[in-house]
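Next up: the structures, one after another.
Both complexes shown next keep subunit A, but they swap its partner, so subunit B is in the first and subunit C is in the second.
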Partner chain A sequence: MEKIFTRNFHLADSHTLERYRATGGYTAIGKAFGMEPAAITEEVKKSNLRGLGGAAFPTGMKWSFIPKGSTAPKYLVINADEGEPGTFKDRYLLERDPHALIEGMIIAACAIDSHLGFVYIRGEYVEPWRVLSGAVREAYAAGLLGKNIQGTGFDFDVVIHRGAGAYICGEETGLLSSLEGKKGWPKIKPPFPAIKGAFGHPTIVNNVETIAAVPHIINRGAEWFAALGTKSQGGTRLYSVSGHVANPGVVEAPVTTTLRSLIYDHCGGIRDGRRLKAVVPGGSSAPILTADEIDVTMDADGLKNAGSMIGSAGVIVFDETVSIPEALMVVARFYAHESCGQCTPCRESTGWIYRMAHRIVDGHGRKEDLDTIIDIAKRGAGTTICAFYDGAVGPYVSYIEKFRDEFEALIRSGHGA
Partner chain B sequence: MPRLTIDGIEVEVAPGTNVLEAAKRVGVDIPHYCYHPGLAIAGQCRLCMVDVEKVPRSQISCNMIAADGMVVHTETERVVETRRSIMEFHLINHPLDCPVCDQAGECWLQIYYMKHGLYDPRMADEKVHKPKAVPLGPHVILDAERCILCSRCVRFCDEITGTGELGIFHRGDHSEIGLFPGQTLENKYSGNVVDICPVGALTDRDFRFQVRVWYLDTAKSVCNGCARGCNIEVHTNRRRPHHNQGKRVARLKPRFNADINRWWMCDEGRYGFGWIDAESRLASPRVRRGSSAVETTWDDAVHLLAEGLKRYRPEDIAVLASPRMSNEDLFALGRLANHLGVSNVDYRVPPRAPGDQDDFLIRADKNPNTRGAELLGLESSRGGLDAAAILQASAARRIKLLWIFHHHLLDSAWPEADVRAALAGAEMVVFQGTNADEVSAAAHLVLPSAAYVEREGTFTNFQGRVQRFRTALDPVGEACPDWRILGLVARALGVSDEALAAERADQVFQALAASVPAYASMSYRALGDAGLVVAS
Partner chain C sequence: MPDAANPRFTDEQVAEVRRLQSLYPDKRGALLPVLHLAQDVFGYVSLEVEEYVAGLFDLSPAHVHEVVTFYTLFFQRPKGRHVISVCQNLTCHLMGAKGIIQHLTERLGIDVGETSSDGRVTLTTVECLCACEQAPMMQVDDRYEGLLTRDKVDRILGGLT
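Here is the complex of A and B:
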C-alpha cells in the first residue's frame, strides 16, 4: 500500500524544507494559486476528505460555510491540541512532516480567503512545537509564508499558539475561546465558527492531519484520494494503536482496513500470547467493542454502524488482564477532571459517575449503581453545549452494557453493601 | 415580524426575540437559571429546553431566535423529562440546607424542584465541598456550595458595570465563582448580583439572617437617593417585629422599568434606607419651651405656626422648600405660599460636596424631585429672595419666620457659622422633616414628616418622568405627609383651597395636573407603574 502521510517518516530529515521539497513538497500550492478558491473547495469536497480530529465532518463542506463575499477577516485555525486519550498521530505529523501541514494551510487559506492562520498546539507538545516553529521559520525564509507568497500577491501569516493543558481546548469552540485569551469554554452554537469564530470573525478549524492531506489531494486529484477509501470517506489515515499489542504505534492504512487487520496484521497481535478482551477504536470517547466485534472497517461509517465511532482513530487495545470496571473508573476520572464545568449536566454528572465507579472498584458498589450510571449518562447525553459529555457517555454506557457481568460480579463480591 | 406557535398559541414577536421571551408573551414560563434578559446569552444551565418541530434535538430556548412558522412545544414528554434530569444535576452537589439558607422562600432551586423536579433523590455519594461564607465585598457574601454556576453575576460584572471582578475558577464540579486576585466586589452596583443570583449563593450581608422572606410585604416605590428615580420595591417586615432588629424596612430591591433603571439599582440607593427606622426619626410635633423642646399635639403645633404666619408680614417670611419633597407636597406648599403672599421661597441649597455621577444610573443631584420643584416653581422666580439670600437675610434678622423643609443645613455647602447665624436670626424657626438634627434641635417648632415609604406621592426625575411611589408602611408616631401638614396649616389660616383641603394624595395630584401645564392630563391611574414624561 502506498503511504501518503507517513511516506517520509523513516527519513531523519523529513521535517526539513529541503527534504519536503525534494519529495515533491510545495508543488501543490503552485496548482492551488492557479485555481479559483471555490474550485479548491470543490476538489476537497470531491475527495471525500472528512475531518480526522474526531467528528469526521466533510472538510470541503465545512469550508463552504464561510459566508460568500464577506469582507471580514477570515481565520484558519489548526487544531493541534491532540488530547483525546489514546491519540498521538498529529504529534508524528508535526514532528516528522510539518511542511505538509504548512502547505495544506496555505491551500486552505486560498480556498477560504484567509490571510492569518493559527496553529493551536497542545502545551505538552514541546518537541512538536519546536519542530513546527522551525518549519514555519523556514517557510517564511523561503517566501512560502508572509506577504506576496511566491509573487502571487497572496499574503498568509501563521501564528503558533501553545495551549495550557486542557482537554476541552481540543473542542473547536473551546479552542477558539482559549485562543482569544479566555477560559477554554466551548461557545454556544449558533453562531457556528464559520460565521462567527475566532475574535468574532468567520473561522475554519481543522485538524492537523486533515490539512496535511490537502496538498496530496490538490496534487494528485480528488478522484485518486476518494478511490483509496469508501463511498463516504476518502483516503488513508493514521491510526494511533496503543495498549496490549505487540507493536504499538502510528499506523497508516486505508479507511477500509478492518480493526482486526490493524491489530493482527499491522501491530503484531496481542502481546505475550494473551487473548484480546476489548478495543476502544476511536479515542477514549468511542464506545468500547468486545473481542467479537473487531471485524469492522475503520472508516467513520463503519464504526458508526458498529455502534461506536472512529473519533480520532486512537485504538486502545485491552487484553484479558484488564479490569473493565477499573478502566471505567480511569476514564471516568479523566472526564470528571477535564469537564470544563460550563454546562450543568456534564459538570455535575461526570464527577458523580466517577465517584460511583470509584466506589464500585473499591468494593462498595451497590447493585443499583450500574443502572444509575447508565440512566444519568443517557439523560445528560445531547443536552450540552459541546460534544464532550456525549464523548464521556460513550464509555460510561458501553463499558457497563458490554461487560455488565464483570461489574455485577465485582459488586457482589465487594465488601460494601 | 416573525409569527410562531408556542404550545398551540400563535404569537407575533419583534425580530430577534428568543423563544423564551416569546413564550412569556403567551403566558408560558419556561424555567431557566442562566438566562437573564439584561445579560448576554450563556446557555449553560440547560434548563430552558423546548422541542421545536422539524428540529431533531431539544433546544435551549434562550439561544433560539423566534422564526416565522416555528412550532414550539414546551411540555412534550421529552422536555418534561429533560427538565427533571437537569434539576437533578443541579441539585446533586447542592447542600440542600434550606432551613438554614437565607434564600429559602425565594430560591429558584426550591421553586423549580417543586414544579419541574419532584424526582426521588439517588445521590448516595459524598458531595463536592467548596468555600462557604466568603465575603466578596462590603455588601455581598458567597456560599460556593450553593452556587449553581449560572454565571449571571460574572456576566453582570463583565457586561453591566464593566468592572470584571468575578470569574469562574477551576473546572468540572470543582468550578466555583470567585474574585480575581486582588479584586474586591465593591463596584457601585454590586448588590445587583444578589438580585440576579437565582439561588442562595450570593446574599446581602446586611439583610441575611435578619428576617425570613416570607414575612416580608412589598410595595412599589421609587428610590429617593438621586434624581434618576430608579424604580424599586420596598420590602418591609411588619409581621415579625422582633426580627430584623426591630426595623421595619428590611431591604430595597430594584423594580424593572425599561425607561429608567431596567433591572438594576446602585448600592448607594439600595443600602441607603437606614434613616427610615433610625432613632433620630421625628415622631411627634415639638415646640420649644425655653431651652427645651417638648412634645405637643398637631392642633397646638399647627395653631402656633398659623399664628406666626399671620403675625409677620409676607416679606418677613421665608421658606426653604426641599427637592426631597414630592410633587404633591411642593404643589401644596406653592399654593399656600401664594395664599400668604410669601415670595421668599426656594429649594436650592447647595450640597456640601458635588455628588458622584456616572454614565449609568447614578446622578450627581442626590435629590429625587429637583425637576418637580423646578416645574412647580418653588424658587425665586416668585420675585422673592433665593435660598442664599434667605440665609443672609435671616442672619441679618430681616427674616422673622424661617420655615425649613427637610434640609440638613449644616450638611450643606453653606458655612456652618452662616447657618447658625440664620437659625439664630429668625424669631421663629420651623423645621419640617423626617429626622432630627441640629437644625431641628434649634427650631422653635418641629413638624414630623412621613418618610416617602410611609405615604404615597410622585417624584419627577431629571428626565421629566413622573413616577408614583406607594405606601409601604404607616408613618412613625404621628408623622404626616407634608401635603397633609400644609393642608392643616391652610385650614388653621382659614384658607379656602380645594387642593389644600384634599383628603388623599391623588386629589392633590389631580389639582396639580389641572393647574400645571407640564403635568396636564396626568393622574395616578395614568402614571401606572412606569410613569409618564412631563409635557415639554
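Here is the complex of A and C:
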C-alpha cells in the first residue's frame, strides 16, 4: 500500500523544508492559489475527508459553514491538543512532517479566506512544539508564510499557542476558550465556531492529521483520495496501536482495514503468545470490543455499526491478563480528573462512578454498584454542553455490560483485584 | 534575582510579553504563553505572580487565578529542580505504570505530589501524555522517557542533579 502521511517518516530530516520540498512539498499551494476558494472546499468535500481528531465530521462541509461574503476576520485553528488516551499519531506528524501541516493550513486558509491561523499544541508536547516552531520559521524565511505569499497577494500568519495541561481543551469550544486566555470551558453550540468562534469571529477548528491530508488531496485529486476509502470516508489514516501487541506504534492503513488486521498483520499479534481479551478501538471514550468483535472495518461507519466509535483511532489492546474492573477504574479516574466542572451531571457523576469503581477494585463493591453505575451513566448522557461526558459513558457502560461476570465475581469474592 | 514573592520582569521580558500580546486579536489570548514565561522566570506561579501578570493584561487577579488553577502545568507552590510526571492512564496502566510509580516513590522517599527534601525532584502522576507506544512512560522536565523498567528509572534518576 502506498503511504501518504508516513511516506517520509523513516528519513532523519523529514521535518525539514528541504526534504519536504524534495518530496513534492509546497506544490499543492501553487495549485490552490490558482483555484477559487469555493473550488478548494468543493474538492475537499468530494474527497470524503472526515475529521481525524475524533468526531469524523466531513471536513469540506465544515469549511462551507463559514458565512459567505462575510468581511469579518476569520481564523483557522489547528487542534494539536492531542490528549485522547491511546492516541499519539499527531505527535508523529508534528515531529516528522510539520510542513505538511503548514502547507495544509495555507490551503485551508485560502478556502475560508483566513489570514491568521493558530496551532493549539498541548503544553506537554515540548519537542513537537520545538520542531513545529522551527518549521514555521523556515516557512516564513522562504516566503511561504507572512505577507504576499509567493507574490500572490495572499497574507497568512501562523501563531503557535501552547496549552497548559487540560484534556478538555481538545474539545473544540473548550480549546477556543483556552486560546482566548480563559479556563478551557466548552461553550454551548449553536452558535457553532464557524459562525462565532475564536475572539467572537468565524473560526474553523481542524485536527492536525486532517489538515496534513489536504495538500495530498489538492495535488492528486479528490477522486484519488476518496477511492482509498469507503463511500462515506476517503483516504488512509493513522492508527495509534498500543497495549499488549508485539509491535506497538503508528500504523498507516486505509480506513477499510479491519481491527483484526491492524492487530495481527500490522502489529505482530498479541505479545508473548497470549490471548486477546478486548480492544478499545478509538481512544478511551470508544466502547470496548471483545476478542470476537474485531472483524470490523476501521472507518467511522464500520465502528458505529459495531456499537463503538472510531474516535481518534487510538487502538488499545488488552490481553487475557487484564482485569477489566481495574481498567474501568483507571478510565473512570481519568474522566473524574478531567471533567471541567461546568455541567453538574458530568462533574458529579464522573466522581461518583470513579469512587464506585475504586471500591469494587478494592474488594468493597456492593452488588447494586454495577446497575447504579450504568443508571447514573445513562441518565447523564446527552445532558451536558459538550461531548466529554457522553465519551465517558461509552467505557462505563460497555466495560460492565460486556464483562459483567468478571465484575460480579470480584464483588462476590470480597477480595480486591 | 527573579523572586516569586516580588515578581518583576526585566525590560526584555516585558517586551516579550508585549510581542506575545500583539499576536492575538485580543491581547488576553497571550495569557497562557505569558504564564508559561512567568513560571520559567519565577519558578512557579505564586499569588504575587498572578497579580503581577494580571496587571500586564488589565485583568483581575481573580481571573488569572481561575486560569492558573484550571491547568495542571502551572505550579502554585515551589517545585523541585526537576519534575517527573508519570503517566497512569490506560495503556501505561496495562504496561506496568503502578510498579514504576511505586519504584519512584521508594527511590525518592516521597509520595506522589511531593518534592524530595533536597529540592531535586517533584514527583507527580498525570493522565495520558500520548506516547502510549512507549508505555510505561513519564515526562522528565521537557523530555519524554519511555519503555520504562526499574533499571531505566534508576539510570534516569542518576542523571538528575
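The criterion applied here is as follows: the second predicted complex is superposed on the first by the 414 of 417 C-alpha atoms of A that agree within 3 Å, B and C clash if a C-alpha of one lies under 4 Å from a C-alpha of the other, contacts with A are read in each partner's own complex, and residues count from 1 in each chain.
Following the convention adopted for this analysis, a residue touches a chain if its C-beta (ideal position, glycine included) is under 8 Å from a C-beta of that chain, and two chains touch if they have at least 3 such contacts.
Bear in mind that the values here come from a model prediction, so they are computed numbers and not experimental data.
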| item | value |
| --- | --- |
| Touching partner for A:Ala166 - first (subunit B), second (subunit C), both, neither | both |
| First, second, both or neither for A:Met356, with subunit B first and subunit C second | first |
| First (subunit B), second (subunit C), both or neither touched by A:His337 | both |
| Partner chain in contact with A:Gly134 - subunit B first, subunit C second, else both or neither | neither |
| Subunit B versus subunit C as contact partner of A:Gly414, first or second or both or neither | neither |
| Comparing the two partners subunit B and subunit C, which touches a greater set of residues in subunit A | C |
| Subunit C-contacting residues of subunit A that also contact subunit B | 166, 183, 337-338, 340 |
| List of subunit C residues in touch with subunit A within their complex | 23-26, 28-33, 35-36, 57, 59, 63, 66-67, 70-74, 85, 88-91, 93-95, 126-133, 135, 139, 142-144 |
| Subunit C partner contacts - residues on subunit A that touch it in the complex | 73, 75, 82-88, 90-91, 116, 122-127, 159, 161-167, 178-184, 198-199, 201, 240-244, 248-250, 280, 284, 314, 316, 318, 322, 326-327, 330-331, 333-334, 337-338, 340 |
| Complex interface listing, subunit A residues touching subunit B | 166, 168, 183, 188, 190, 336-345, 347-352, 355-356, 359, 366, 368, 372, 376, 379-380, 382-385 |
| In the complex with subunit A, residue positions of subunit B that touch it | 41-47, 49, 57-58, 60, 63, 81-82, 85-86, 88-90, 92-93, 122-126, 128, 148-149, 167-168, 170-175 |
